[in-house]
Structure formats: structure tokens, C-alpha cells
Amino acid sequence: MYRAVVGVGVACALVIVLVYEITRPIIERKRSELRERAVMQVLPGARSSAAFRLTDEGRFESTSSDDEADNLVFAGFDESGSLVGLAIEASGMGYQDTIRLLYGYSFDAEAIIGIRVLDSRETPGLGDLIESDAQFLRNFEKLDVRLTDGGDALLHPIEFVKPGQKSEPWQIDGISGATISSQATADMLRDSAGWWIPRVRPRKADFQTTQGEQ
Amino acid sequence: MSETSLWSIFVNACLINNFVLVYFLGICPFLGVSEKMPTATRMGAAVTFVMLVSSVCAYGIQALLVAIDAPYLKLISFIAVIASTVQLVEMFIKKMSPVLFRALGIFLPLITTNCAILGLALFQTNRGYGFAQSIAYALGAGVGFTLALVLMAGLREKLELAKTPDIVKGTAMALILAGLLSMCFMGFAGLSK
Amino acid sequence: MKILGAQSFAHGIHPPESKDDTCTQPIRQFPFAPVLAVPLVQHLGKPAIPVVREGQEVTRGQCLAQPDGFLSVAMHAPATGVIRRIGLIPSISGKMVPGFFLEPFPASTQEILEGTACDPDSASPEEIIAAIQSAGVVGLGGAAFPTHAKLRIPEGKSVDTVVINGAECEPYLTTDHRVMVENAADVVVGIRYLRRAAGASQAIVGIEANKPDAAAAIRAAIPDGAPITVEVLPVKYPQGAEKMLITALLGREIPSGGLPLDVGALCFNVASTSEIGRLLPHGAGLQERVITIGGPAVKNKGNYRIPIGTPLRFVLETVGIQDDIACVFLGGPMMGQAVSTLDIPITKGTTGVIALTRRETKGLAEPKQYPCIRCGYCVEACPIFLNPSQLGLLAEQQQYEKMAEEFNLMDCFECGCCTFVCPSHIPLVQHFRVSKAAVRKMRQTA
Amino acid sequence: MTQSYQTLDIRSSPHLSSGTSVDTIMFNVALALLPVTCFAVYAFGLAALMTLATAVAACVITELVLCRLTGKSVTIGDWSVTVTGLLYGMTLPPALPLWMVAAGGVIAVGLGKFLFGGLGFNVFNPALVGRAVLQAAFPVAMTSWPAMPTDRFTSVPASTLTLPFAEPAYDTLSGATPLTSWKFDSALTETSDLLFGSVSGSTGETCALLILIGGVYLVIRRMMSWRIPIAILLTVGLFSTVLNLADPSRYAGPLFMLFSGGLMLGAVFMATDMVASPMTHAGCWLYGVLIGALVMLIRVWGGLPEGVMYAILLGNAVSPHIDYWIRPRVYGTRDGGNRRE
Amino acid sequence: MATDAKKAQPNDSDEVTKGLWQQNPILVQALGMCPVLAVSNTARNALAMGLATGFVLLASNVTVSTIRHFVPKQVRIVTFILVIATLVTVVDYLIQAISLELHKALGAFISLIVVNCLILGRAEAFASKNNLRRSFLDGLGMGIGFCWVLLCLGSVRELFGYGSLFGVRLFGQHFQEWVVMILPAGGFFVLAGWLLLFNWIGQLRSRRQSLEEVI
């Protein structure tokens, strides 16, 4: 009786492995294209990207792009191969569910220079304005994330303010009618940047050494 | 990065993103076993129980699959392991507590191959929950499922004697009620900040 | 169950009392009709067996029929006259029942025939029970259940309290009221008999607060040291239902499907009690009773001592009625039965004759019925704590089984509170009567 | 005289009735809403008038058409659908496009009432079903509060007359209702403003005082359960007092909580809809406490500034259970009488 | 081939059409409702999900029917689940290879086809008892029946929810979206609406039929 099950099982396993092996290269190519596109979007000017992993010693080392670890950052490079900045993932609870987004950090500007929502289930027409509202996205053209002199925290943690009240470069203007989603975005960025920037900034060199490899 | 607190995971799975009313998982038993309040309560209890079991299973399998680097076996092993574990637990309960078995037993086979159970396993691995988080998630999902089911049963029982137009009877009525309940649950949005 | 010191039961309703017209007028003797129709069965139980022939002359108070078995009582001649015929008499249920047609002698003095007296202090309980049975006394509160039958206490039960029901919670009716005011002494004597027969250590008379003069009269009539108390109860319908009364007075709840006996009590109407106290010392039989004739359609409203067997038509013609009379019912407006013909006679169970005009019935005749809006008024009115709303919905779908099994239909005692309050004008109690009959039938055949 | 005997009615007892009937109750509810309606028109001008009129008309016409279509006898004479329409209109922002008002009205009566079998069987409050669907469908329009200029009696906001299916455009937004300013700007509104309605908000919710007066009228006429509003208001009051004492800077006090938003209108007129609320007195208390607690939960910890609607709808969903568990013990039985299982 | 079969044997066409209407898996049997509701927020997602489910249904019917004689009774269900899980895994990877965006939109619901009551239900109730041809036709009919209802659902939700159909905006610039249609509640309502329409048509038909009988 078990012969039949085992037989079917073996056949199934074969089929799965076969399909997996055939589709894997295609899927991986698409994935990296997708990621590349996202990175380029949050790092205007970038033309290629590479993944880096934060090691336990606090260094960054190059890793394969399908690494599923969660301590990854992506470096973006322009045509000449020089570093444009880093793309970092952040996530947090929004209005309806967890929002995941990618933001671009520029070493030169010491600022966040772009964001892109990877995943959200916010209300269409309200919460999803964080992806499309031009006014809101303008907050991220140059969002100040300078570090303190000690280099271990943001000089001005990112602040959320009511729509139209932005007066400092580290403030984020909310979206009227979607206060919660836009505030969640700000909170996410503040926490994530406060954690990552002090770690990546001193190690800018780690990213430049591998620029040729991508 | 999954530092979300257990409480917020629980509230999220139970109220804000209720499995049945928001994620649309387990609709079939939701529509099928929500006509009588006592049955609904017991069904809910059974689902919660199976969810806990399968959450633990899924946590173990995922760890194993990552170790042997065989992500393509995820689905097939989830379903196989969950189904057989539930079967084992069922036999165990039958031996240990016939009363409990009579209360929950008839539902177990129905639930084993149910999308809420598998969905739970898939979601918790996709979100990279740790062990305690997985348990909180399973508990939240189970309690949320029970809540939806029991509320639904109350409403359907109340409507049993109503003079509803003929075309609304049955599944259509259940869907309308589910839609209204789903709308009620929208009020919980934002609770788990 | 004594909440905040007020003695009452929970729930119930407050219909307008409408008692002022009759409650102050003394009881008047009613004239004899040309022909009296005395049915052989005026009580719950077996018909009595005639002991007189057609054409025989009888004396007022003479026994016309003997009880047939225990659950039956004797009938007595309401007047001195001649038995014209033994034939069929229409009854309120629409059925024809056998009975005597008695033609009173207009010239007679109408002396009441007396028999062997029964002494309240020396007679044994059995003797008292037998005396009550041969006096033909039945429950005069409306149910007409043979009074002596209640007094036979089964093996293993005992009674500590005799409850005398002077609540008279039905609107319009004032018979019990007047009886208490005018015949308080008879009531107290009646209690002596009842207490002795039941072996009860005490008696309580429950009277609604709208009859202070009745309470005072009874109190005055109670001899010093007698274990009889008078309790004044809040005015509320159905205070007079024995379950409610016993709960209010004794704080005891009669179990579902049980009798007052199960909680050591017996309940008797004051009018029944007063008749016992009036008849037994003389060995006489019940041949007339006090009845309220009232309602807006009646001209000469009041309480009358009316011979049993007086045709309703004669009663109404004697007191005079308004032209726009629309509805006549026997008993009170909450539980009384409407009559379709005036040819039926007054019986022992008749507590009142109430006639309404078009004006009062206009709203009632064909009220627009709405679906149940779940207002819960009925739930909060039902003294038995049933859910009339749910029962009503089930009744419309004829789910009688479920009504009885899950919603305690059989505990409904048809007080009508639910129908009274229902803003949707759903005939709830009417449904329940039908449903209960259906359930009884199902259970019998099953 | 003999003639009149022949026309005797034969009816079964009881031969008396309390005299209240569904249509008088509903008519009186509409009457109790009249002051609130007048105030709404005064406060928000022509826009409010048009909103309320459209809401009532949409509800009544829907009921009429559905009754005709299904061959039922027409039930608009019992006033219940008028009450539904009026209350529904009162929960809407005064400058909501009229086509949305009408669409919501059709939904309120069609989905919220008719599909369940009409009067008496709607398990959810139909007016709130209408509002909830609108809120889910048009979240932006449902949370836009235009300023009410002095020429409000002669002109209407542009948004009101938006073409069907088109997106409304607003000329001037007054911005925040009291609850929104509290929730997102931590700004409190004067209690007197809340009482007398000089604030922005839904058409019929702004004047707490008139709503209370209407409620007291209905309670005095015994057409409304006073237990439900009292339970809701007490719960909210106590809850907010405790929070306010614990941390006055974060949590608003009871007066603000009680008189702001739709709480008064909801507690007095909408939670009390008998059809969707429990039947027993004890059940009503529990239901009220539950709704009050949910309102506070959503207002204080949820994402929305106002939770009255969702709280009442959830209360409606729970009320069959309340009725099931709070069954009074049947007289003469030990365990509450027969029960399933 | 289906059309050929139809011509050859009227029975065969019944096999296909029963899934379309009288025994429609969604409208009548209420099976496999979860994916129906979850991924029908746009016409494109609905179609993709319908096709994926339909494919698995067809393939599992065929496979199950083929191996039905080799599989002992006791392990039948287990084997079927195994087969279905394999097919789903395959579909999952295929969709990823075709479009990652689509895969993301359908989310976990592709994997959840495994537990779709419809598929196991047909395998158990039909394919394990019938020959290859009939199982194929049954799978085809059920698959199409599933697809078209899903498509109807998705179209209405997209039309009102986004003002577009298959991504093409239909109502111009100023259309006000009905967000509720894309929300979960809208899924329930629209499916209920289709069901009401279906029941109504059924009622009209049976009424006409009984009328004809009377005449």
C-alpha cells in the first residue's frame, strides 16, 4: 500500500525539482531586475547595484543578491562605477497592515534622497498616497539625516508635522486625510535611519572597494 | 526586522486583519458551520487548536528547510506535516479525553486541509516570525476566526425566522452578513500601533 | 423576591383600572328571569347527574344534580319554580351542554332551602370537603375549578398557608371588592373552614392597594388572635394570578408545571371563600353569585347578586345598554371571553359582564399588524419571564414543538400582558392558545 | 336594540391594548429629531437641508420601489423608513455630494433593511449600514468638512452638486472636527461649543443639547429605552475620567469625550434602534456598556478619530448573543428554563 | 478536443456545461471561496487566479483519474494532496517566472490552491471514480465555471473600485472610485450581488417552468 504513496511521492519530488531548476534562473534574473529598479528609483543617478551584509564585527561585506538575511543594504553605483548611495529597507505598522519601504541614503548629501513603498495594504485613495502623492514624496528629495558629532545618533531625529508645516529639512509633512499612514512612514524612517546610518556612515569604504564587481 | 510585540501581533491577527473577514481565509467553514451558535463556538475552538498545532509545525519545518536549503519543498512538507500532526493529535485526544473529542472531533478532518491553517503557516514564515511570535499569531488568528464565526452564527440564528426574500436565503445572506461584519471590523484599524 | 420592601412579582402591566363606576356601589339583588337555564357542568370536571325530573317543582337551593365522582360538584335550584325541560343550553365555547330549564314561580317568596349544617370548629377535614362539594362551590375567580378538589391534599404533601386571593387585578371588575367590603364576616368564616380542611397554620388575604376599604373591612372582621393576616399589594396586572400572588405574599415560586400545593400553599378566591362561609353553616347550596355588570355600553353599572342560569340577554336588558354596543365579554377585559350570542346563561364561573361600545373597540377591531420590531416590551411584561417575541415568530411558522421544547411555551398562563403591550399589535397570546392546544394534542397522540 | 346585538364582535382576549403602535413610535422619533434637523439647517444652511432631504427621499423611494417590485404591501406608512433616512442623513458630512447621499440611502434601505426581510429583521442599524458603506467607499469625501460661510442659506458648496460618479471638489475646507483636532493636534474644543453646536461635524451631530432634549422627550413618552444611552454615556464618562486622571496631557476629559463627535446622536437615537438591540433590560445595560467601551477603544487607541458608528454596528452584531445569554430565568424553573443542548 | 467530444456525445457536453451553470463551483457549491474573494479585486488578478486554479483543477483531475487504479483506498486522500501540492508548486514557480508582480498580487493564494476545497473535492468526488475523458471534461467545465464567475467578480470590483477594466481607465479623469469595492467587504458584497442575480434568474426560470407545466 505504501508503495503507491512512495511512488507518487518520488514522482512529485522529481517534477518539483525539475520545474524549480528550470525556472530558478529566470526568476532570479527577474528578482534582481526588480530590486535593481527599486534601488535606482530611491538613488537617482544609480545605474547598477550590489548587496552587502552587515557582519557581526560591524563590517559590510558583499553578498549574493538572493541572500534572505534581513541585515542587507544595497549600494547603488552610477555609470562611472562610483558610489551614489545606499538603499535600505524599513518596515512598520501602518493603518491597516505592515508597510515595507526602501529608502535611499546619500553619503554626500547626508540625506535621504528617495523612498519607494515595496509592500502596503493601505486604503486606496488615502493611505496609498504615501506612494504617489507628489507633495509627500517631495519630503524625500533631501531629508536631513546628519549624525551628531559623536556619530552614534541622528543629529535631528526625523520629525512628523502637520501638512504644510514643514520648516526644517529633517521634518516630514503629513498627508491630510492620511495622517496615520504618513506618520507611520516617518516613524519607520526615523527608527531605521537612526539604527542604520550610524553603522554605515563610518564604513563608506566597505562599499567602494567592491565597485567593479557588482 | 521583526521586533513587533506579541500583543500587537495578536491584536493584528485577531481584529485588524481578521483571517476570515479581511484576509478571506477559511471562508468555506465560515459559511458552512455558522448556522448554529453552539456549533460555531466549538468549530472556533477546534480551529484555534489546529492553528496552534500547525503554527508550531510550520516553525519547525521552516527551520529545517532553511538548514537543508530546499525552499521548493515548503508547500508540500507543510501540508503533509500539518495534516499528519493533526491526525496524530486527534488520535491522542480520542484516547485521552473522549469528551473533548466528541466536542471537537467531528470538525478536525474538516479543518486539516483548510486554507486558514495553511495560510497561517505561510504567513508566519513569510513574515519571519520567531517562535513566540508565531504562537501569538496563531492564537490571534484562531481567536479572530472564532469571534467572526460566533458573531456570524448569532446573526444567522436571529435571521432564521426573518421574512427574507427567497433569493437572499443561504449563501447570499451569509455573504452579505460577512461583508457587514467585515465593515464593522474596519473600525479596529490602527489599534495595534 | 421582595425587592425594596414592596411585595410584588416582577414584570406585569398597568392597564387602566376603570373600576370607579362600580366599586362604590353596594351589591344589589337581581330579579329572576322568566326562564333560568342551569347547565349541568359549570365547572372544570365531569357533569353532575340530575336528580329531578322534567316537570318537577323545585325549591330555591334544592339540589338538582349530584356530583358524579370526585371532580364534580352539585347543582342547586336558583329559584323556586318548575323544571320545564331538561335539554341543551348554549355555552360560551359555542358547544351545547345539557341542563335544566327552570321557570321560577313569580308569586313565590323564594325562601332558600337549608340542609345539614357543617360546624367550622368541630367538623373533620373530610366532612368540610364533602360539604363544600355538596354546596356546589367552585372557584369563583373565573376558572371554576371545584374548590373541594383542591383541598384534598395528596399523601406526602402538606399545606402551611391558605392564600385568599382578593387581588382582583382585572380592569372593570369589582365583585371581589364589594364582597370583601360587604361580606367580610363570611370571608373570615370561610377562611376558618378552609384552614381547617387544609390543615394550614395561617391564612393570608392578598388585596391590591386600590381597595383600601376592602382591606380595612377584612381586618375589622378578623377575630383577635386568629392567624389571618391581610397584605396590601401594589396594583399591577396579573397580581391575582395565583403564581404571582403566592410569589408576592410568600416569596415562593411554584415550580414549572406544578401546583401551589408543591410549595405548601393553597389559593382561593375571596368570593369562593365568602360563599363557603355563607353556605356551609346553613348546609345551603350555591344558587347565585355576585357579578360586575360594567363597561361603557352599560347604563346601570354595578355589582349584582345574580341567580345562576340567568340568560345574558335578560341581564343586559335589565341593566340597559347603549345603542352602539359592540362587544360583550364575560370576565375581565384581559382574560375574559367575548360572547357571540346572548342566549348563554350566567354560570358559576362568570365574574363579570362587560360591554364595550364602538368607540372603545375601534382601535382593537382590526388593528394594523406590523412585524415584530423586537422592542422587548413583551419580554419585560411577561410575568413568567418567557420571550413572547420569539414565541410569536415561531408560532407564525407553526414550530410548536420548538416553542414548547426550547422556549417554555407550556408555562404561559395566557395572561395576555404580551398582547396588551405589543406596539406591533401581534396577537401573541392568541397564538399561544392555539400553539398550546396543538402541543397538547401532539403529546396526547405521541 | 336586538339589532345591535347581532353585530357583536367576537374577538379573543385581551380586549385592551396599551395604545402605542409602531407607527406612533416612529412618528414620535421623527418628531424628536425635528429640533436637531432645524438646527442642522441653521448651522450648515442649504447644504444640510439638501443632504437631509435627499437622504430621506432616497430611503423612502428605495423602500417604495422594492416593495412594489417584490409585491409586498407598501410599508412607508409606518414612518420607520423616514426615521432611517433622517438619521442616516444626520450622520453625513453636510457638504457630501448629493449623489453619494442618494447612493448611501439606497444601500441603507436595500442592503441594510430590505434584504433581511424589512422592518423588524434588520440585524444591523440600516442608517449606519448606509453610512459605513459610504465611509468605506468614499473615505475622502466622508472626512472632508467644508467651512460654512455666512451665505450658507443662499448658496451651496460646490461639492454638494458634484455630478454623479464624479470626484467632488471642495472650495474651502474648514478642516477639523473637534475629535480630529484632538486626536491629531491634541487641541481641545470648549464644552459650551460642543453643547450648542458651534463646531464642525456631521449634519446632525453637532448640537448635543437638542439631541438630549429629543431623547428625553422619547423616554418620557416611553418610546425609547433610557438604559442604552445611559449605559453608553456612563461608560464613556467613567472611562475617560479614569484616563484623564491618569494622564491629563494625553487623554481628554469626560465632558469633551461625551459631547464631541457622533456619540450623543449615536447613543440617543441609533444605539436605541430596538430592532438591532437586545430585548431585556439587563441586556440593554450590557449592550450599552459594550458600545461605550468600544467607542473609547477606537477613539483613544484606534486609527480613527471617531468610533461610534463601528461601535454601534459591532454592538448590533453582538446583540443576538446578549439575548441568548441574558435570558431571564423562566418563572418556576431552576436553570432558566429549557435551553438548546 | 472538447468541442469534438461535444459533437460525438451529448453526454460529454453535459459534463462540461454542468460546471458552467447548474453545478457551478462558486455560485452553487460555494466551494473554493477564499481565493475567489481574496484576489478578485481586479479583473487581471481574477483571471490569473482563475486560470491558475483551473489549470491545477484540470491537471489534478487528469492525474488522479489516471492513477486511480493504482492507489489503495486508505491512502487515497494523502496521495491526492501530494499530487495537488506538486501541481501547485509548479504553478507557483511558473507564475513567478512569468511575472513577479502578478505573483505578488496573488500572494499566498497561489500556494493556497492546494487546500482549495474545490480541487480536492472534484478529485475525490469525481476524478477518482471516473475515466480519464470524463474527468478531463469535468475539470474543464468546473475550471471554466470557476473562471467566469471569478472574472465577473473581478470586473465589477475593478470597474467601480478603480474605474478601469484590465487596467484600462474607462471613466476619465474625474471618476470617483468606490474604495469599498476593493476592500474585503466589497468582495463579499459583490459576490453576494452576483449570487442574488443568479438566484433570481433561477427563480424566474423555475417559475416559468412551473407555469408551463400548469398550462
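Letters A, B, C, D and E mark the chains as written, and numbering starts fresh at 1 in each.
The definition used in the following text is that a contact is a pair of C-beta atoms (placed from the backbone, for glycine too) under 8 Å apart; a residue touches a chain by one contact, two chains touch by 3 or more.
Remember, it's a predicted structure, so these values are computed and weren't measured experimentally.
Colleague: Give me the set of chains touching subunit A intersected with the set touching subunit D.
Modeller: Chains in contact with subunit A as well as subunit D: B, E.
Colleague: Taking a step as a move to a touching chain, how many steps at least join subunit C to subunit E?
Modeller: Step count on the best path from subunit C to subunit E: 2.
Colleague: Using mean Cα positions as chain centres, tell me which chain lies farthest from subunit A.
Modeller: If we average the C-alpha coordinates per chain, C ends up farthest from subunit A.
Colleague: Where is the C-beta contact count highest, in terms of which two chains?
Modeller: Answer by contact count: the chains C-D.
Colleague: Which one chain sits nearest the middle, judging by mean Cα positions?
Modeller: Central by C-alpha mean position: chain D.
Colleague: Could you please state the distance in Å, as a whole number, between where the Cα atoms of subunit D are centred and where those of subunit E are centred?
Modeller: So the centre of subunit D lies 41 Å away from the centre of subunit E.
Colleague: Using mean C-alpha positions as chain centres, tell me how far subunit A is from subunit C in Å, no decimals.
Modeller: It comes to 88 Å between the two C-alpha centres.
Colleague: Averaged over CA atoms, how far is the centre of subunit B from the centre of subunit C? Could you give it in whole Å?
Modeller: Each chain's C-alpha centroid was found; their separation is 61 Å.
Colleague: Need the CA-centroid distance for the pair subunit B / subunit E, whole Å please.
Modeller: 23
Colleague: Going through subunit C residue by residue, note those that touch at least 2 other chains and give them in order.
Modeller: Within subunit C, residues 371 contact more than one other chain.
Colleague: Which residues belonging to subunit A are in contact with no fewer than two other chains?
Modeller: Answer for subunit A, listing residues that touch two or more other chains: 12, 16, 20, 95, 123, 125-126, 180.
Colleague: Provide the list of subunit D residues touching at least two other chains, using ranges where the numbers run on.
Modeller: 111, 117-118, 120-121, 133, 136, 139, 303, 340 - these are the residues of subunit D that touch more than one other chain.
Colleague: Which chains touch which?
Modeller: A-B, A-D, A-E, B-C, B-D, B-E, C-D, D-E
Colleague: Mind listing the subunit B positions that touch subunit C in their complex?
Modeller: Interface residues on the subunit B side: 161, 163.
Colleague: Provide the residue numbers of subunit B that touch subunit A in the complex, in ascending order.
Modeller: 1-2, 4, 8, 12, 16-17, 72-73, 76, 127-128, 189-190, 192-193
Colleague: Spell out the part of subunit E that touches subunit D in their complex, as residue ranges.
Modeller: That would be residues 171, 174-176, 178-181, 183, 185-186, 189 of subunit E.
Colleague: Help me check something: in the complex, which residues belonging to subunit D touch subunit E?
Modeller: 97, 100, 111, 133, 136-139, 141, 162-163, 165-168
Colleague: Spell out the part of subunit D that touches subunit B in their complex, as residue ranges.
Modeller: For subunit D paired with subunit B, touching residues are 70, 111, 114-118, 120-121, 123-124, 129, 132-133, 136, 294, 297-298, 301-304, 307, 309-311, 313-314, 317-321, 323-324, 340-341.
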